[in-house]
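Residue numbering begins at 1 within each chain, and the chains themselves are lettered A, B and C in the order written.
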Amino acid sequence: MEIPRHWRLKQQRYGLVGEVCPHCDYKIFPPRDVCPNCGDEAKTLYTFSGKGEVFSFTTIYEAPTGFDHAAPYTVAIVKLDEGPMVTAQLTDLGDQPIEIGMPVEMVTRKMRNDGDERGVIVYGYKFRPAVVAA
Amino acid sequence: MPNTLLTPNRPVGIVGYGSYVPRYRIAAREIARVWAGSKGGLPVKEKAVPGLDEDVITMSIEAARNAMLRAQIEPAQLRAVWVGSESHPYAVKPTSTVVAEAIGAVPHIQAGDWEFACKAGTEAMVAAMGFVGSGMADYALAIGMDTAQGKPGDALEYTAAAGGAAFIIGPAENALATLNASYSYVTDTPDFWRREYQKYPEHGVRFTGEPAYFQHITSSSKTLMAELGTTAKDYQWAVFHQPNTKFPQRAAQMLGFTPEQIAPGLLVPVIGNTYSGASIIGLTAILDIAKPGDRILLASFGSGAGSDAFDITVTDKITLRAGLARKTQEYIARRTEIDYATYARYRDKITMK
Amino acid sequence: MTDVILAGIGQTEVGEHWGIALRDLALTAIRQAQADSGGLEPGALFVGNMLAPNLSNQAHLGVLLADHCGLRGIEAVTVEAAGASGGAALRQGYLAIKSGLVDVALVVGVEKFTDQVGAGVDAAVATTSDSDFEAVQGLTATGQAALLMRRYLHEFHVPAGGLAGFPLVAHANGAGNPNAMFRKAIKPEVYSKAEMLSDPVNLFDAAPHADGAAAVILTRADLLPKEFSHPLIKIAASTVSTDTLALHDRHDPLGFWAARESVEAALHKAGIALEQVNFFEYHDAFSLYAALSLEAAGFAARGEGWKLAEDGSIALKGRIPCATLGGLKARGFPGGATGVYQAVEAALQLRGVAGSCQVAGATFGLIQSLGGPASTSVVHILEKIG
């Protein structure tokens, strides 16, 4: 069981909470406490909008342990509107084709079970094709 | 008879609302093809099916986020997150804590899960009215959400669907719609139930109609209107719990409402019965199109059995805030039809061990 | 300063060794290397391994192998840098000799993939990515390569099948390597019909995980046995660079920054120009990584690495022969042993005993061991000095 690890990351996972550098305003996700842009300390929490576009994507047919239930599934690198890129599954695709540059939005979804169906459910960010402009 | 209305000490209303309907649909005729030789009438056209990575927690989070967008308040202003459902992902561990965490409302909150078959969501709303109306809190989030399961081949399988709505209840002066009064009508009537450890519910077939649904939903609505001195003509819109297409239509007729009054909230033909979400997601579709001054009657129904009726008046704040989040019809328009085999996989109906 | 001499080499056949334990694979390679060196007695053992704690439930490989291979008592540690573990272990051996603190160093790379079967192997390999932010999304090592490959095809307008040349060359060369997992050339249509693993990466774009062990003995020239008869090979440069662990943290994921930096630094240290390199053992865990490594090293312009596979430049008689004994694709990809296999193969080339895979007149061999998508890059330049 990896309860503490998933628990510790819940803010980032559920709500895409990262950091903003107080010195250069660089937006940081995942949080790393040191600004990758200017090198200064950056611990100010910053909630990302969840809007972004597909930088690249692939479909995983042979899933590693813990993900077989969901295979085949699509994983992408998403470039967030605020700058950073993030690795995440794409969901709610239906029969919609995916393209590089396609606008996507963050949703919170089930990622996996911690262990089997007796373990806690790990929730976290995924992205889906933007439904319509709100 | 004493005054049985539930009215708050200070005026309260809906400050924000949001809905969620998953993307996938299965047509009732597809279910009939597999289980009924394509014979017989169909209670709905199609129903909404959640994806493999969705459950009441994830769907509640999305509806709550939509409600927060319209409410335009800070998450820390919420004093309660309450989720009503009959399909909470855990037997023990709250749905509400995950939802509260995800929208950033922790830790200074009340949180809890509600269960009363299909009216768990309106139970949470009534509680929120009291919580805010008493002055104990300024804002409370009440959600009704389900990923309902019907036994394969059972009549319920045609309708048991996924979806729901979230409401932020707060002071009337900041509301898009005021909650003027509520009335609840409850008896012990075993029309539908699910025992512990059972995956699928049982139901009383025709017993679910007259003594259960119609008795409770018309009693709650009639009493509410009698005590308020209103009639069907005083309302622009009405929405009744919608387990299938016919029941809410007939309830409306019995109470003197026209088909036009219930049309915008009657979503069951295209999304199915979303259980705890069924009546209130209809309310969101009405609010999406409502004008300031519109009066709305909402009546839920929960098996076992009870009905909560609400008298609601839309305020001028609806004009600016309804458009701040995705509308219910936009979710309904986002649809991908799936076949029975895909549905069986998505709904975990294929036994692996 | 002291030259580090590559005095002995050993390797097992790469493949699915169901019946052979990790320790016995290592033993075979170590015995061979010791014998090849004329019986040098190592004073330190550096083990390159990626996944034994995970796949074999076996940590503490240093003492396990020292004990099992008749070296009980000597300094022995494991070096881990994912797929670059072998290269990283080789560098530890190099540093030990270079420092003068160790007279004879034994470097063994060993990996035992087949102790487990099924989805657990992919999960184990995925632990070499960012567990909290990549693997948790169900991303695999093949998935990472696929993300890069799709972007590469998109940005540089590479035609369908544009990377086919990499596995074709690897398999053609593997046919001449008795220790290769695959010793048969493949036809272009085999590539174009291959099953998709993680689109656009197909079965032939991904090197096969396999078991294997390779070992080298490093020492100083003055300590070589009198009867030592092999041509002398020195390690002319040893460098390591690291990038971000997670792909998404890179400003330019297709840049393979660490791969570029480590090659540039190695050329500088060896005091040679890129044009003097006679062959390049790149880390072709995926076809795309071969293309990106060629670009990063400077053999091709950005976005044009794939053309070197198309036009024959990387073939044995081409401008810059690569994967000369099959590379990861055809020799096989024995995880943390891979970087040591590269050293062994480079030594075969420089000694002039690579048989039908021989690159004529080779003096400088460039070998590059990558961990993940060039998250770690370890580069060595081997030079024939007599």
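In the analysis below, a residue touches a chain if its C-beta (ideal position, glycine included) is under 8 Å from a C-beta of that chain, and two chains touch if they have at least 3 such contacts.
Since we're looking at a predicted model, the values are computed, not measured.
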| item | value |
| --- | --- |
| Per-chain Cα centre nearest the global Cα centre, belonging to chain | A |
| Centroid comparison with subunit C (C-alpha atoms), farthest chain | B |
| Gap in Å, rounded to a whole number, between the CA centres of subunit C and subunit A | 32 |
| Gap in Å, rounded to a whole number, between the CA centres of subunit C and subunit B | 60 |
| Intercentroid distance (Cα basis), subunit B paired with subunit A, Å | 30 |
| Residues within subunit A bordering two or more other chains | 70, 89, 111, 126 |
| For the subunit C and subunit A complex, residues of the former touching the latter | 118-120, 122-123, 125-126, 130, 132-140, 142-143, 146-148, 150-151, 154, 196-201, 246-249, 253 |
| Subunit B residues within the subunit A interface of the complex | 22-24, 51-55, 57-58, 61-62, 69, 89-90, 93, 98, 101-104, 323-326, 330-331, 333-336 |
| In the complex, subunit A residues that touch subunit B | 10-11, 14-15, 47, 69-70, 89, 91-92, 94-96, 107-111, 120-121, 123, 126, 131-132, 134 |
| Complex contact set, residues of subunit A against subunit C | 5, 9, 30, 36, 55-68, 70, 73, 75-77, 84-89, 100, 111-112, 122, 124, 126 |
